[in-house]
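First chain written, first letter: the chains are A, B, C and D, and each begins at residue 1.
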Amino acid sequence: MKLMEYQGKDLFRRVGIPTPEGVFATTADNVKSYLAAHPGSWVLKSQVLMGGRGKAGGIKFADDAQQGEMLARELIGKLLQSIQNPAGEHVKSLLVEEKVDIASEAYVSIAIDRAAKKPIVMVSRFGGMDVEEVAAKNPDDIKKYWVDPAAGYSPFMGRLLAFRAQLPDGYRKAFPSVLGALYTLFMDYGATLVEINPLVLTKDGRVIASDAKVELDDSGLYKHPDIAAWNTAAPADEDQAAAVAIGLGMSNYARFPDEPGKPAKTVGTIANGAGLGMGTMDAIGNAGGGAANFLDIGGGAQADLVKKSYKLVTSDERVKAMFINIFGGITRGDQVAKGIVEALAGDDVRKVPLVVRLTGTNAEEGRAILDRAGFVPVETMDEGAARAVALANGSN
Amino acid sequence: MAIFLDKNSKVIVQGITGREGAFHTQRMLAYGTKIVGGVTPGKGGTTIESGQPVFDTVRDAVDATGATHSIIFVPPFAGADALWEAHDAGIMLAVCITEGIPAHDMLRVVNTTPGMRIIGGNCPGLISPGKSLVGIMPSHIFKEGNVGMISRSGTLTYEIVDGLTRAGFGQSTCVGIGGDPIIGTTFVDCLRAFANDAETAAIVVAGEIGGSDEEDAAAFIKDHIPDKPVVGFIGGRSAPEGKRLGHAGAIISGNTGTPESKVKAFAAAGVPVADRPSEIPRLLAERMRPVPA
Amino acid sequence: MKLMEYQGKDLFRRVGIPTPEGVFATTADNVKSYLAAHPGSWVLKSQVLMGGRGKAGGIKFADDAQQGEMLARELIGKLLQSIQNPAGEHVKSLLVEEKVDIASEAYVSIAIDRAAKKPIVMVSRFGGMDVEEVAAKNPDDIKKYWVDPAAGYSPFMGRLLAFRAQLPDGYRKAFPSVLGALYTLFMDYGATLVEINPLVLTKDGRVIASDAKVELDDSGLYKHPDIAAWNTAAPADEDQAAAVAIGLGMSNYARFPDEPGKPAKTVGTIANGAGLGMGTMDAIGNAGGGAANFLDIGGGAQADLVKKSYKLVTSDERVKAMFINIFGGITRGDQVAKGIVEALAGDDVRKVPLVVRLTGTNAEEGRAILDRAGFVPVETMDEGAARAVALANGSN
Amino acid sequence: MAIFLDKNSKVIVQGITGREGAFHTQRMLAYGTKIVGGVTPGKGGTTIESGQPVFDTVRDAVDATGATHSIIFVPPFAGADALWEAHDAGIMLAVCITEGIPAHDMLRVVNTTPGMRIIGGNCPGLISPGKSLVGIMPSHIFKEGNVGMISRSGTLTYEIVDGLTRAGFGQSTCVGIGGDPIIGTTFVDCLRAFANDAETAAIVVAGEIGGSDEEDAAAFIKDHIPDKPVVGFIGGRSAPEGKRLGHAGAIISGNTGTPESKVKAFAAAGVPVADRPSEIPRLLAERMRPVPA
């Protein structure tokens, strides 16, 4: 679960990371009244999850209430688009923050290093810019430290990184405790990424988190019902929301936008297991078609979930044919077949030409069910993919 | 002797009386796995229908049976606890089937269970065909032989193994390492074991987009496996960038974890990458009967 | 720092350990009005640190407000005495708690095992009684588990202990989480001991901490200023308070009560280091005398602390002679000598015959200072002890 | 070769520019200790008056000097951090002089610094007389020789060593293990090292009331040190029960940690316990010239 900046900063304040003064606003009136009550120079920051927000015009500066109101009206509802996010994202809210006098900008983040199986801390004195660019140009400008999660964080790690990354002197006193608080957030809230870019050193000597990027592990969200509710209140991704709505995991369904120069995404796919799901997409591609989506029904799916999944995939109007590819392990072929038959029998689903491949656990029982419904499955994944592509292209 | 698991390995089932645990216990017994008992707190002293004793704690089970292997079927919130309990009781290898264990739980578990090999979580387990199954794979598709198989995915493994078996390539051991961000045993751990296993003559590595496990595997193969043919596969190569697909690992962003990066790494290690699972047997066959020099 | 029961239960509630309903009271009127508002059966528990409170008559039962007021008047101000604590302790406050219907009583504690360097958890199904007696009679009735502090607590430990200790079935569901909360308290508050005796299973199936014994590590108290303030507000021990008042550690000063059949405690002692402090006491004993106290000035003490320590020890009217025994390491002989001279020069101290032994770091400088003040130190600890005992006995 | 410390050990001082650190650095240098540098964050790149370089971090210090030993003079709240930093940098032995480190900090440190020996905290350190001093002991009272000495107390060690030296018994190594509840190195750790040290012919163990370290030591001596004479001492034997005296260890309650229990344990191991420090040389002398059988 990706958090918006204002949500990330809420967590920052809980663990004691200094953030700029400010207020969260959903209307231009909010902004106007806050600025009227708090004269000074303020920044209006669009609250979106996409990258490249600044370049897309999502950040504005206001020196009085009138200007603030005007800019807020301009921003709220605006569609921000960037190179990373050509589809763009609508601005629904703003974070209004004090404009601080910047002496220096640093970068700091903590993520999970899968290979090392440890949290990795990264620090650079080149903050406020795209860190991947820094990493590409001069990898040595980013200093890394792997924390042993058994021992946990200790301040020397912050000192070591500050010295090695050559952060300006002004950071040194605050940095070990800011990093310690960030580590606490990372561990206590089950984050997969926490990032402050930039961590600002102000001209009057304060160290402040000017931005906040936080991603939480979905599997651990149940430990934090208050934060899980943030997600429910504002689902960040339509596909995730749709998946959750039918009882799938958040990452079990994804639609793929059409890509110029590639085959149209006209084949819907359903498979059991993420690996086979990906393999099924790839097979559609190998057969010259375009998979409209990825959908993994998971392990041990019952008939009802299969039915709902079928309905979800066919709700995408682009889908002209469907390939259901099941290699039973925990998942039992009879349940899948039952779900297919029920789905096709219902009045509430859009019917498209369907190819089924069914093997593994209880495959024979499943084939028998499909057989009774007059449906003959294919034998292999390659064969099924080729057939589904042909059907989507109007052949039979 | 295959890797990690042979026919004499004594296995217990954590969660033996639950729905999944009970179902797969019977499948494993049917395959010949030496299931010597199981654990369900509060049901200690009873036996399951097929006669295996149930214990309240893993310590009790290990003390009574001498089990060295465990397979875990518990809800996600209890996954870390089950692994720590297995470690505490002296279990040497634990297969964690449970899906959805919080990444930070696993982070702490893998760093505080020295000496215990963990397979998974979120994995289909382990099979040494003809010897023992500690997992949930459909066992009939496997066949005893000399190809070692490693995969991040469950069902994709079945797809590939099915093809291997049909083509006449039996398997020494197949390991589904799991697709979660933090897993106990990596490709490299398995490759190291296969490299030293006399019964393994060739290896299939079935990876996915995302993460750097495949790149790490390629580097290990290049340096340490000069003498056994290896064939690779990368699932999700047609996925658009930035999409998270099921396995938390399978997300592409920036230059890490792209299909190109993985294919390039395998190529540098002399490992051919199949475009589709059905190609794997052919690539293997070409390399297992090398033209005499 | 030992906590009173009501303070321990405050911490219990913070971590989610169930405690009985109730109220803390410092007057009989408190008790009366609470019972008037809350009809039922209540227990009045004297809040003291000493053991054997129940046998000493410190616990009473009341069924209405009038009875409660009467019993509270009786208890508050009462001197409780027990075999463990013949000197006794005055009751200053009460904890009024619901009288629960007990189905079973268990024992659970966590302490630091010095040898294993790990927290040790102990559980017994024989709660509500003296656990040392249980341990002595049948050690196997107490089950132990050593937690790896790197991995921390996990619920299986609670299950394992509950099964091994054969706790009644009613405990099983709650026990792993109660123990987990107790472990959290132990770690988060830097406890050296947390004990629930008894952990009650009520007839209606609740698991409740009926008593609370918590000891916190003094060295870690600075991390918990709110709790450290409890201590300041109600110092548990006069000696500790006196030590802290002059700038010593809480455990650096202890007076010893006279013991029947042993020499009168007439020799005051001051030494540097706890080991030498104990050795000095022992030397007084070996010389046939009685050390009135232990006082360790610590490492690197300055003259002022030596002066204040002298004043503290001589404030005990029993002290007839004083032995100051210094083996300089970090502590420098000149500073000690300076402190002694200043103390003896002041008008505000009671002067008793004094023996000084001074060796180690800067001993010569120290001897020169004493020399200038007309004072000749002894050469060895044994010699000094013998001389101090003789002086206390009126010889010269 | 003494134990833990010899004349070639390269030592750094954590907190070298602080009051205590600076003072004892000069004392150690005067004794001949190979102090190769020190650490004070923010003062990296400077040198102290006697010429040793100061570094910002322990890693910098170890990288530049190859130090293997460290002595720590920092405030209590920074004690655990200093020990973890030493471990992180690959220090093999750290002497922690700092007094008052929270017990739970030490609990976590000692369980998460595998491979590094910690002496202390709240200890006077380590000296191998004539070779090297990594501690704060008044060095002039020590003399090179073959008696190993271990003590929980600082000043009591001096008292005893002074007596040994005056009686002609030099020392191989003296270790002040510290009096805190959780310490890095115990009596048993030291005894194991002394048992295997060719230069140590006899051992003095100076314990205290409270805890069970002396009982553990006695058990170890009984089982593993049949051939070297050991003499014991127990401080605080005249203390009334239930009084906490300075060292957190020195508290008597119940039957554990009483003087009787300790004396009995030593007696069972054939270890005489001196009634006063001044008796130790005599007890040692009686055992170091055994009557020929």
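Rule of thumb we're sticking to: a residue touches a chain if its C-beta (ideal position, glycine included) is under 8 Å from a C-beta of that chain, and two chains touch if they have at least 3 such contacts.
These numbers were taken from a predicted model, which means no experiment stands behind them.
Trainee: B-C versus A-C: which has more C-beta pairs touching?
Mentor: By the number of C-beta pairs in contact, the winner is B-C.
Trainee: Which whole number of Å gives the spacing of the CA centres of subunit B and subunit D?
Mentor: Averaging C-alpha atoms per chain gives centres 49 Å apart.
Trainee: How many angstrom between the C-alpha centroids of subunit D and subunit A?
Mentor: Between these chains, centre-to-centre, one finds 54 Å.
Trainee: Could you pull out the residues of subunit C that touch at least 2 other chains?
Mentor: Within subunit C, residues 148, 150-151 contact more than one other chain.
Trainee: Could you list which residues of subunit B touch at least two other chains?
Mentor: Where subunit B meets two or more other chains at a single residue, that happens at 108, 112.
Trainee: Report the topology of the inter-chain touch graph, choosing from line, ring, star, complete and other.
Mentor: Graph shape here is other: it fits none of the named patterns.
Trainee: Could you run through all the chain pairs that touch each other?
Mentor: Once each pair is checked, the touching ones are A-B, A-C, A-D, B-C, C-D.
Trainee: For a test of understanding, state which residues of subunit D touch subunit C in their complex under the given definition.
Mentor: 20, 76-77, 99-105, 107-108, 110-112, 124, 136-138, 141, 151-159, 162, 179, 181-182, 186, 206, 208-209, 211-213, 216, 235-240, 242-250, 254-255, 275-278
Trainee: Quick one: which bits of subunit A touch subunit B in the complex? Just the residue numbers, please.
Mentor: Touching subunit B from subunit A are residues 112, 114-115, 117-119, 132, 148-150, 187, 190, 192, 217, 219-220, 222-223, 249, 251-252, 254, 256-257, 259, 271-279, 281-286, 291, 294, 296, 298-300, 327-331, 359-361, 380-382.
Trainee: Mind pulling up the subunit B residues that touch subunit C in the complex?
Mentor: Going by the criterion above, the answer is residues 41-42, 44, 56-60, 78, 80-82, 84-85, 88, 108, 112-113.
Trainee: For subunit A, which residues are in contact with subunit C within the complex?
Mentor: 150-151
Trainee: Which residues of subunit C touch subunit B once you look at their complex with the stated criterion?
Mentor: Per the touch definition, subunit C meets subunit B at residues 148, 150-152, 154-157, 159-160, 163, 172.
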